[in-house]
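Each of the two complexes below includes subunit A, the first together with subunit B, the second together with subunit C.
The block that comes next holds the complex of A and B.
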């Protein structure tokens, strides 16, 4: 019993944490305002502590994703604290949904069973639909939630159909066993399941919802969407690619290569055309998922390690980028037009410095985590023999540098601060601390990736 | 004394100074003094390394090696042999020049301006010292970032567009080389020590011929963009022209040299077979660049643009010499690169002074400067003559060695090199004629050099003279590294001078 409890401690922490956040509604309103984020943050921290000090039998994968999701949830809570409060959409439900969504992501990331995978995906998504629309005074948010919900529901339906095919053909719901059974029906089911995951991971050509949703969601929620849910779904993708038998992969690999290349192209070229920062970041996250899909293809040639590192690095940089967008926004709608960032770098050096560091990391420039991440991902692709895809990807990375630099240049190389339409609202200590920590993390992972790589190697080696 | 991590200090001291700059942002004078002090300290460090390891008891190369990312076989390895040392000293010297060169450009944000210069010095030192190929690739990409901001924030004209253009051009090459570095690492997994990025180990890798050629092409594309060779030179005229003066000095004096240095240090020893196979192509491109740049330079209406094009020509000749297979020409190319850093540094600094005094660098407002400011005129003419390879000045040593070397290998290439150098003369003399002599076409006063500018130009002039009259120490320093490269790439030809 005790062993089970230890193994399930992170799940329990997140589930109970959500209830506790709701429970703070009993408190007087003033106390609840300040206490709810603290309670949520404390419970979000627990899975991370568990991941570091666990003595249980949990698998390395579970520990890695418990730690990563704990960091992400903690950061999102910090970013949300003052942000939501000032804009009047803070409340017990907000933090409860964040924690339960994290629980769904954790279940999804560690699932070895098809049903668990579906449940985790659905729990995470349902909470996220509501979170996207958290800001009830904002029409864009409601629109975004609907645009997220409809493709998401279709994606889930496709996926469920795929899972049922796999089950019908193999008679097993265990992911490894059922895929090992092989056969055309299993391959077809796996393909459909991958399409469903592709929806959630916004792989082209099923990425179309992403920019609208990221633009409509409040910036910290967009940060959560683009990091937490992407990390969990990517974990499932890696798992499926690793478990799929070679003959099935031989069939699916050409399609995956095409999807990865298309995703890199759509994401990076799409970002070029945007006038909105949040849409640009959305397209950039699509592009990043293309690199991740490339790593998933090479999962048996070191792509797994590369992808895990890349997920951690990507989580930090997108948290920082969306977090900084939120920190630079006024009380009204988020600061979105690229033009409205002109010359801000000198007025708000710290927030813009964080944004700049994260953008350089998204562009894959040294000495940031993005540089190391590209090194690992492209190394895996070359080792697996996808030379053409790697060259294509590196050329797309040049495009990625271009749009990142365009925003950096707008921050530092353009005049006209006096025409500034909105003054940023105060960020609060929690969000400032998160931005600091994330920027430091982006640099630290870039300069000293050794410890994380060693940890990942021990996980994958298990 | 000799145990201190001198090379690490050389790289990270300017970076530390750059990070400290924001503390002084309230006072422009304090920024300038601190930055100049930091650059002088860097020069002193470089001088100390020369004294400790190269003079008296020569003990090169100096190596600093530490584990960095053991899982991937990546090590933090800095090594300084004679070839690196020459460029390290050059970098520190150009750094001091950058600090002295302008009192206009840094007006708006002095702390940021000086911090960016110091940061680019640090990254360039890293490029010259790194011998772990991954570390080199890291510095290679990183050196773009401070220069990008330097051009974009402090440049003239369409600075933002130019800065992005500069970055993208370099990034295309840089990222393809990055891919090639990864591929090298994967191939090195077969070596007894497992995956490694150590340059020396990688040179012993036996790659399949076609792989070697592709990787060589990726490396050379990256270096060719930086050097720049002709079809990929388009970023250079804009970047040099719109950059602040210190930025032009860094670009022409250091960044272009990292390309030439990396060609000798990495591309040749790593892929000797491909280097020999591609040598004719590179020679043709280099010599083509010499003529093309001369023709285009002649048509320029802006002093700085003309000097920028002259860089393309000179560096093209250097590339032709490097790949020629002649040890003599290889040495000449190194001397030529150092000399070009000094002369173009002087010319760019003076073009900046013209711009500050007259508000324009176009030839139609110039002329007659010799009469108005004889000191300025003398220094300008001196730098022009040094660039034109007047005997006794630094340009001559390198060009003579390269031409002799080229003639020995291939008479045709030698002939074209001589003809190209003659073409260089035309636009250089036109530059002298239209700025210094003739009637003055601007009514604005042209004050002569002040103390700071005199100090800057005198030190450059002395360096040019020294390299022109006593090139021995430099040649001696680079001899053994170049012998090693030549012996590795052209074993049959031998190292005969």
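The block that comes next holds the complex of A and C.
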């Protein structure tokens, strides 16, 4: 009993934390306003502490993702605190949904069973659909939530059907056992399950919802869904690719190569054409997921370690980028047009500095975490023999440098600084601390990748 | 009298195709939701067929969970649609054009 409790401590912390956040609605309104984010942050911190210190008998993957999701949830809570309060959509439900969504992501990332995979994905997604529409006075949020919900529902249905085919062919719901059975029906089911994951991961032919949703969601929520849910779904993708028998992978690999190449192309070229910062970041996150699909292909040649490092780096830089967009926004709609960022770098040096660090990391320039991540991922792809794909990916990464530099250049343009359309609202201490921490993390992971890589190697080696 | 698994899977695949076509081709949000329900029902059918063929109850348990999942999803989807309509939207998916990059 005690062992079960230690193993499930992070799940319990997130589940109970969601309830506790809802429970703060009992308090007087003024007390609840300041207390709810604090309660949510405390419970979000617990899985991280568990991952570092105790860990119980849990697998290395569970500990890694408990830690990563704890960092992401904590950062999102910090970014939301003042942001949501000023814009009038803060409340107990907001933080409860964030914590429960994180619980779903954790279940999804660590799942070894198809049913837990489906339930974790659904729990994470349902909470996120509601979070996207959290800003109820804003019609864009409702539209974005619908546009997120419909592809998500279709993707989940495709995935459920794939799982049912795998089960019908193998008679087992355990991921490793059922995939080991092999055969055409299992391969077909696995392909459908991967299509379903592709919807959630916004891989190329089924990525169309992503820019609309990121543009319509409040910036901190966009940060959450571009980091937490992507990290968890990517973990499931890595797991499936690692467990699939070689003959099945031989059938699926050409399709995955095509998807990865198309995703990198669509993401990086699409980002060049955008006039909206949030859409640009959305296309950039599509492109990053293409690199991740490439790492998933090479999962048995060191791609797993590379992908885990890349996920951690990517989570930090997207949290920072969307967080900075939120911090630079006024009380009305989020600051979105690239033009409206002109010259802001001189007026708000710290917020824009954080944005710059994260953009340079997204572009993969040294000395940031993004550079190390890309380096590792391309190395793994080359070792696994996907030379053509790796070369194509490097070309696309070079294209990707331009969109990031375009926004950085806009931030430091001298002209028309006085014509600022809206003044940014105060960010609050929590969001400022998160931006500091994330920018420092992006640089630290790029300059000193050793400790994280050693931790990942010990996890994968288990 | 047992129906062979292959027959069950053919029926499930047909249901899935009907649902997929409905979700992909109809422009009405409600009809897309109906298509998704069809696809989930197809999965349930295959789960039940598999449970019968392999003689274990995992598939039956999965069906109950899929039902719960489908219900939760439909509830949230309809709530989102009501919310969006109150904000001036329609049930026609082509009526949502404010987020399109223009």
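Rule of thumb we're sticking to: the second predicted complex is superposed on the first by the 460 of 462 C-alpha atoms of A that agree within 3 Å, B and C clash if a C-alpha of one lies under 4 Å from a C-alpha of the other, contacts with A are read in each partner's own complex, and residues count from 1 in each chain.
Throughout what follows, a contact is a pair of C-beta atoms (placed from the backbone, for glycine too) under 8 Å apart; a residue touches a chain by one contact, two chains touch by 3 or more.
All values reported here derive from a predicted model rather than from experimental measurement.
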Partner chain(s) touched by A:104 [first = subunit B, second = subunit C, both, neither]: neither
Which of subunit B and subunit C A:37 touches, first, second, both or neither: neither
Partner chain in contact with A:267 - subunit B first, subunit C second, else both or neither: neither
Which of subunit B and subunit C A:164 touches, first, second, both or neither: second
Which superposed partner A:133 touches (first subunit B, second subunit C, both, neither): second
Comparison of subunit B and subunit C by subunit A residues contacted: C
Partner chain(s) touched by A:441 [first = subunit B, second = subunit C, both, neither]: neither
Shared subunit A surface residues [contacts with subunit B and with subunit C]: none
Subunit B contact footprint on subunit A (complex, rising order): 346, 360, 364-367, 371, 374-375, 378-379, 382-383, 390-391, 394-395, 397-398, 401-402, 405-406, 409, 412-414, 449-450, 453-454, 457
Residues on subunit A engaged by subunit C in the complex (per definition of touch): 114-115, 118-119, 122, 126, 129-130, 133, 136, 139-140, 142-147, 149-150, 153-154, 156-158, 160-161, 163-165, 167-169, 171-173, 185, 211-213, 215-216, 274-276, 279
Residue ranges of subunit C touching subunit A (in the complex, touch as defined): 5, 8-9, 12, 16, 19-20, 23-24, 29, 32-33, 35-36, 39-40, 42-47, 49-50, 53-54, 56, 58-59, 61-62, 65-66, 69, 72-73, 76-77, 80-81, 83-84, 87-89, 93, 96, 98-101
Interfacial residue positions of subunit B with respect to subunit A in the complex: 68-72, 109, 134, 138-139, 141-142, 144-145, 148-149, 152-153, 159-160, 163-164, 167-168, 171-172, 175-176, 178-179, 182-183, 185-186
